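Common to both upcoming complexes is chain A, partnered first by chain B, then by chain C.
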Partner chain A sequence: MVDCARIQKELVDCNKDKGISGISVTLDGDEFTHLTGTITGPVGTPYEGGIFQIDIQMPGEYPFEPPKMRFLTKVWHPNISSQNGAICLDILKDQWSPALTLKTALLSLQALLSAPEPGDPQDAVVAQQYLRDYPTFAGTARYWTETFAKRSSMGIEEKVQKLVEMGFPDVLVRKTLEIVGGDENMALEKLCTG
Partner chain B sequence: MLCEILQVITRESLLVAQREDLRRVMEMLNLSEQHARTLLIYHRWDVEKVFAVFVEKGKDKLFGEAGVTAKSCKIKHAPAAMTCEVCMEDIPKHKATTMDCGHCFCNNCWTEHFVVKINEGKSRRITCMAYKCTAICDEAIVRNLVSARDPDLAERFERFLLESYIEDNQRVKWCPSVPHCGNAIRVEDEKLCEVECTCGVQFCFSCSSEAHSPCSCLMWELWVKKCRDESETVNWITVNTKSCPKCYKSVEKNGGCNLVSCICGQSFCWLCGGATGREHTWTSIAGHSCGRFKEDQEKQAERAKRDLNRYMHYHNRYKAHTDSFKLESKLKETIESQILMLEGKESELKDFSWLTNGLNRLFRSRRVLSYSYPFAFYMFGEDLFGDEMTPVEREMKQNLFEDQQQQLEENVEKLSKALEEKYDGLEDDNLKQSRMQLINLSVITDRLCKSMYECIENDLLGSLKLATHNIAAYKSKGVERASELLVRATKGNNSISCLQTSSSISATGGTVEVGRSSSSSLNFENGCPSRKRSKREAFGNVLFDLNLPAEVIDKS
Partner chain C sequence: MQPEEKLAGEEVEYQTCDPGFTTTDWATFRDDDIMQQHNAIQAEEAVKKPYVSDKERNIIFLMQEPLSVLSEEYQSGSPILLEKIQVLSESYAAIRRTRGDGNCFFRSFMFSYLEHILESQDKAEVDRITANIEQCKKTLQSLGYADFTFEDFFALFLEQLENVLQGNESSISHEDLVQRSRDQSVSDYVVMFFRFVTSGEIRRRSEFFEPFILGLSNTTVEQFCKTSVEPMGEESDHVHIIALSDALGVPIRVMYLDRSSCDAEGVSVNHHDFIPTVGDVQNTTSKGVSDFVKPFITLLYRPGHYDILYPKQSGKQY
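Moving on, here comes the complex of A and B:
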C-alpha cells in the first residue's frame, strides 16, 4: 500500500518553492499511485526554455522501491528514449534510497538534462550523435525542445508558414529550422545568407 | 593440484562449516560475527581472499569495499525526538534505530526496508537506507525488527544467510542427487575434479553433472544433448526408411537404386515416396517422373547418413560399455560372497582385498572406457575442433588415441572375464595363480587408463590452439569421496590452531575438520606447511586398504 501521508507531505514540500526550483508535482486523479512531474529545461542547454512533463507511477512499496518515471514530453537526449521517454538513471534503479524523494529524483532528471552520460545510453542513436557530431545533436535537441516542450511560444507550423510566405521552399525551411533549433530569426538569417 | 580434501556438508553441519570460516575471520581481524559474514559474503566465502585483501590493500579498503563500518566510539547524544527522513514523521528516540554507519531512521521504516529487500532476495547484502551509504545493515537489528513484524520472513532471512555459504561459495556445491540428499560438497583448492557424495552420487564439481572424464564439461554437455535429441532418430528414419504408400509400413532402402519394394508387394519411388511399377533402370523408374532426383539432394542425404553413421559408431560403443557397467555392478555381491566363503576356508591366503581391488579397478576403467567414446566423437569430429587440425594431423592423432583405447578395451574385457571365475572353488595353488593374474590385469588396466588420460591432456587437448578444454585428473583410487565434516567439542588440535595463540580459540566454536589445512596456507604465517603435509598423509592412510592403485598393492 502506498504511503499516502508521505506523498502528501512531499507534494506540499515540492510545490512550496516551485518558482525557484522549476519543479512541481501534481496528482493525477484521486489516487496516490499516479502523478505528473514537471521540470524546466536548464539554462544554457539545448533544453533551455522547455517545460518537460514526466509521468510518475508509484509502486506499492514506495518509498522503499523507486518511483517509475518516464518523459511524457518528447526529448532528444542520450539517456532518454526518443521513442517512449524511458529514462536511464541509476537512482531510479539500483541506486534508489528510501531517503530520496520525488523532488530529489526530479532534480536529478534536471541535472541529467544538463549533463548527459552518453557512456550509459538509453537511446543509442542519440548517444552516437552526441559523441560524434555534437553540433547536429545540439541542433536536434533544440529543435525538439522548440517543437515539443514549448507550449506558449509559436508553434513550429506557424513559423514554417511564415517563412514559406516569404518565398523560401517548404522543405528547405523545415530543414533550416531544425538545424538552428527552431529559432525563427536565426533560420531567416541562414536562409538569406544561403 | 588435485582436490585432495573433500567434505560433505549436511543440513546439520552447514551451520558448523559456516561458523568455522566466520570464526577464522573474526579472530584474525578481531571482528564481530556479522562483520565477518559481510566480508565473507562479499568475497564469496573465500577466507584466503579476505586475508589476502587485508594484507595487500589494508583494513580500510577491505572494509570499505564490502560495506563494513566499524562502530564509531562516539555515542551520539541525539535529541529525545527526531524526524525520520523516510516517513517524514516526528519519532521519539526509542522508536528509532541508528546503524553503525551513523544513519538513523524510525523502526517502522527500517522494518519495511528489510521486508522489501528480503522479498527481493537480497538478504545477503541489505544496505543502509541513506542515499549513497553502502554500509551493510547489522543482521541482529534486521533479525529483531523483522521477527517482530513477520516471524516467517525472519526465518527466511536466517536461511538465506545460511545458504549463502553454499550458493555464494566457489568451493562448495550442492550435491546434484535427485531426490536431493540434502548435502553439499566442499573442495579445497581445485575446482576441476570429480567427487562422490556420501549418498553415493558421483559428479563433476565444475558442471554438477555426472562424472564424465575424460570428456571435458563442454563435450559432455553436447553429448548429452545429442543423445537426448530426437532429431537423430528422426534423422535415422528419414535417411534409412520410408513408409510404403499402400500399407504404411516402414521400408528400408537396401541397394543403390531408388526403386524400393515393400513386403506387401508394392513398389515405390524412394525419393518421393510415390507408388510406381517395377520397371526401372539405375536412374529412372518407368512411367514415373517425380522431378526430385537431384544430385545435391543425394549428396545431402549422403552427408547426413555419414554423420549419422559416425554418431552411431561412437554411441553404440559408449552404450555397450555403459550397459556392461550396469551388468557388472551385480558382480559386487558375487565377489563379496566369494570372499566370505574363502575367508572361512583353511588356506594360506588370508587377505582377499585383491579381489575387491580388482573389481573396483574394473568399475573405474569401464567408466573411463565408456566416456572415452563421446570424447573421441568430439575430439576427432568437426563440431568442436574442425579448424584445429589438418586432416592428416587428425588422422595421426586419432590413430594414436584409438590404439590406446583398443588396448584398454581388451584389458578391461579380460579383467571382466577374470572376475567371473569361481574363486571359492579353487585349490590354494590355483588360487595363488589366479590372484597373480588378477593383480597383473588390474595393474595393467590402471596404467592404460593413466596413459590415456596423459595422452588426452598432453597430446590432444593440450595441443589445442583455439579452444581450451580441461578434464579432471585421473585418479587411480577412483572418484574422490567426500568425508563427513567432523564436529568435535574438543578445542585446539587442528591446523587452525597455528593461526593464533591458543588462548584465542573459543571454547564454543570448536569445530574440527579432518585434513582441514587451507587455513595454514596464509603466507604471513610461519610453521604451518610441514604440519599441513603430515596431516594430508595421515588422511590418505585411512583409505589405504580400499582404494589404492594396484601398483601399491603389488608392492606391498
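Moving on, here comes the complex of A and C:
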C-alpha cells in the first residue's frame, strides 16, 4: 500500500520552490503510484536550457524502497541509458534511504547531469566517448538537449531543411548542427566559414 | 527525426556493444530488475547461513533459546570459541537471535530496550528517553531534515514505548511485543527511527566523530551518514553504537565472541560498555549519572552480527 499521506507532503515540499530549484513533480492521474518529475538542465553543462522529464513509479514499500525513476526525455549522458532512459545512480538502488525524498532524488539527478561518473556507466558507449573524446561527447549531449529537451524550440528536422534549402549538403548540415549543439545560427556561420 | 540513424554511422560500436538491445528492452531493463536480482542473491546467501532452519531464516527475531545452542553451533568449530561460550554461560542464561540482514544491531537494541521497559515498568526511564527523543527531533530539524521525512518513524517508536507500559487500553503483553517486533512494518519503522537518531547525533557532533569515521571508511561525516547509517541494511559499527547510546542516553554492553587470543590466565570474553557521554545525557536525574552506567542491554557480537544476551537472573554479573 502506497503511503499517500507522505507522497502528498512530498509533492507540496517539492513544488513550493520549483522556480528556484528547477525541480517539480506532478501526479499522473489520480493514483499516487505514478508521477512525473521535471528537472532543468544545469547551467554551464551541455544540458543547459533543457527540460528533462522523469517517469516515477512509486513502489508499495515506499519510502523503504526507492522510487523507480527513468528519463522520459532522451539524454546523452554516461550514467543514463541513451536507449531507455534507465539511470545508474546509487541512491536509486542500494544506497536509498527513507531519509531521502523525491526532491532529494531529483536534485541528485540534476547533480548527476552536472557531474557524470563515467567510471560507473549505465551507457558504455557514451561513457567511452566521454573519456576518449570529450568535445564530441559534449557536442552530442548538446545536440540531444537541443533536439529532445527543448519543447519550445524548432525541431531539428526543420533546421536541417532550412539549411539544406540554402544549398548545403544534408550530411554536412546534420554534422555541423550536431557539432554546435543544434544552434541554427552557429551552424550557418560554421557552414559559411568552413 | 531520428538522430540515432545519423549517429549510427559514427558510432559503429554502438550496435556491436548492445547486440540484444531492441526497443522492447525499453520497459524491461529497469533498476528494480537489478534490485530484484540483488535481493535474490541475498536470499540465496541467507540460505547458506548454517544452523538456522528455512522456517526460521526470515523471522526477524527467534524465541529465546538457552545459551547451550551456541555450543551446539560451534561443536566442530574452534576450541577457543567453545571455551569462550563456556565462560559466557557462567553469566548469561539465554540468547535471542536476530535476522542477519544488516539491521541486527538496531533490531536487537529495539527489542532489548522495549523488553526491559515492559519488564521493569520504569516510567522514569520512559520519561527520560522521551525527552531525549524530543531533543533528537530538534537536532534533525536544525540539520535541515524536513519533518515529514522522520516524523512517522518517531511517532511509531513513541507509540511502542507507550504500549509496553502497562495499565492502558493500548498496553501489550510480552507475547505481543515479540509478534510486533517480528512484524516487518513495525520493526523496519523502528530500525529507521534509530538510523535517524544515529545519523542526527553523528552530524551534530561531526568534529567528535570525524576521526572515527576517517579510520573506518575514509569518507566525510556527511558521506558516511548518507551511505552507512541512513540506508536500511547497512551494518553497524562502533560509531553507530556510540552515537545511538549517546543520543538516547542508554548504555549498551557488547560481549565479543571472536577468536581473539587469551592471556595465560585462561579464557576470557572481551566486552565493551558503551556508556553515554555525561554531557550529552539529557535530564540527568538528581540521583546522578551513576544510574545510567549499568547497562541493561547486553548484545552478543560475533563478527558481522549482533544477537541479544540474557543474564542469569541471580548469577553474578559478568
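Going forward, the second predicted complex is superposed on the first by the 194 of 194 C-alpha atoms of A that agree within 3 Å, B and C clash if a C-alpha of one lies under 4 Å from a C-alpha of the other, contacts with A are read in each partner's own complex, and residues count from 1 in each chain.
Everything that follows uses one rule, which is that a contact is a pair of C-beta atoms (placed from the backbone, for glycine too) under 8 Å apart; a residue touches a chain by one contact, two chains touch by 3 or more.
As the structure is a computational prediction, the values presented were derived from the model and not from experiment.
Undergrad: State whether chain B and chain C clash or fit side by side on chain A once the two structures are superposed.
TA: Because the two structures are overlaid on the shared chain, the partners are seen to clash.
Undergrad: Between chain B and chain C, whom does A:Trp144 touch in the aligned arrangement: first, second, both, or neither?
TA: It touches chain C, and chain B stays clear.
Undergrad: So, A:Ala99: does it touch chain B (first), chain C (second), both, or neither?
TA: A:Ala99 sits against chain B and chain C alike.
Undergrad: Going by the contact rule set out at the top, does A:Ile156 touch chain B (first), chain C (second), both, or neither?
TA: second
Undergrad: In the overlaid three-chain picture, which partner chain does A:Ile87 touch, first (chain B) or second (chain C), both, or neither?
TA: Second partner only.
Undergrad: Considering only the touch criterion stated at the top, classify A:Phe64 as touching first (chain B), second (chain C), both, or neither.
TA: both
Undergrad: Tell me which partner A:Pro78 touches in the superposition: chain B (first), chain C (second), both or neither.
TA: neither
Undergrad: Which touches a greater number of chain A residues, chain B or chain C?
TA: Answer, by number of touched residues of chain A: C.
Undergrad: For A:Gly37, is the partner it touches chain B (first), chain C (second), both, or none of the two (neither)?
TA: Neither partner.
Undergrad: Based on the superposed arrangement, let me know which partner A:Lys9 touches: chain B (first), chain C (second), both, or neither?
TA: In the superposed model, A:Lys9 contacts both chain B and chain C.
Undergrad: Could you give the residue numbers on chain A that contact chain B in one complex and chain C in the other?
TA: In chain A, positions 6, 9-10, 64-65, 95, 97-100 sit in both the chain B and chain C interfaces.
Undergrad: What does chain A use to touch chain C in their complex?
TA: 6, 9-10, 13, 59, 64-66, 68-70, 81, 83-84, 86-87, 90, 92-101, 124-125, 128-129, 140, 143-144, 147, 155-157, 174, 178
Undergrad: Show me the residue ranges of chain C that touch chain A in the complex, using the header's touch definition.
TA: That would be residues 1, 3, 6-7, 11, 13-14, 17-18, 21, 25-27, 29-32, 34-35, 38, 145-146, 148-150, 152-153, 188, 192, 195-196, 199, 226-227, 230-233 of chain C.
Undergrad: State the interface residues of chain A toward chain B in the complex, per the touch definition above.
TA: Result: residues 3, 5-6, 9-10, 61, 63-65, 91, 95, 97-100, 104 of chain A touch chain B.
Undergrad: Which residues of chain B touch chain A in their complex?
TA: These residues of chain B touch chain A: 85-89, 105, 109, 112-113, 116, 129-133.
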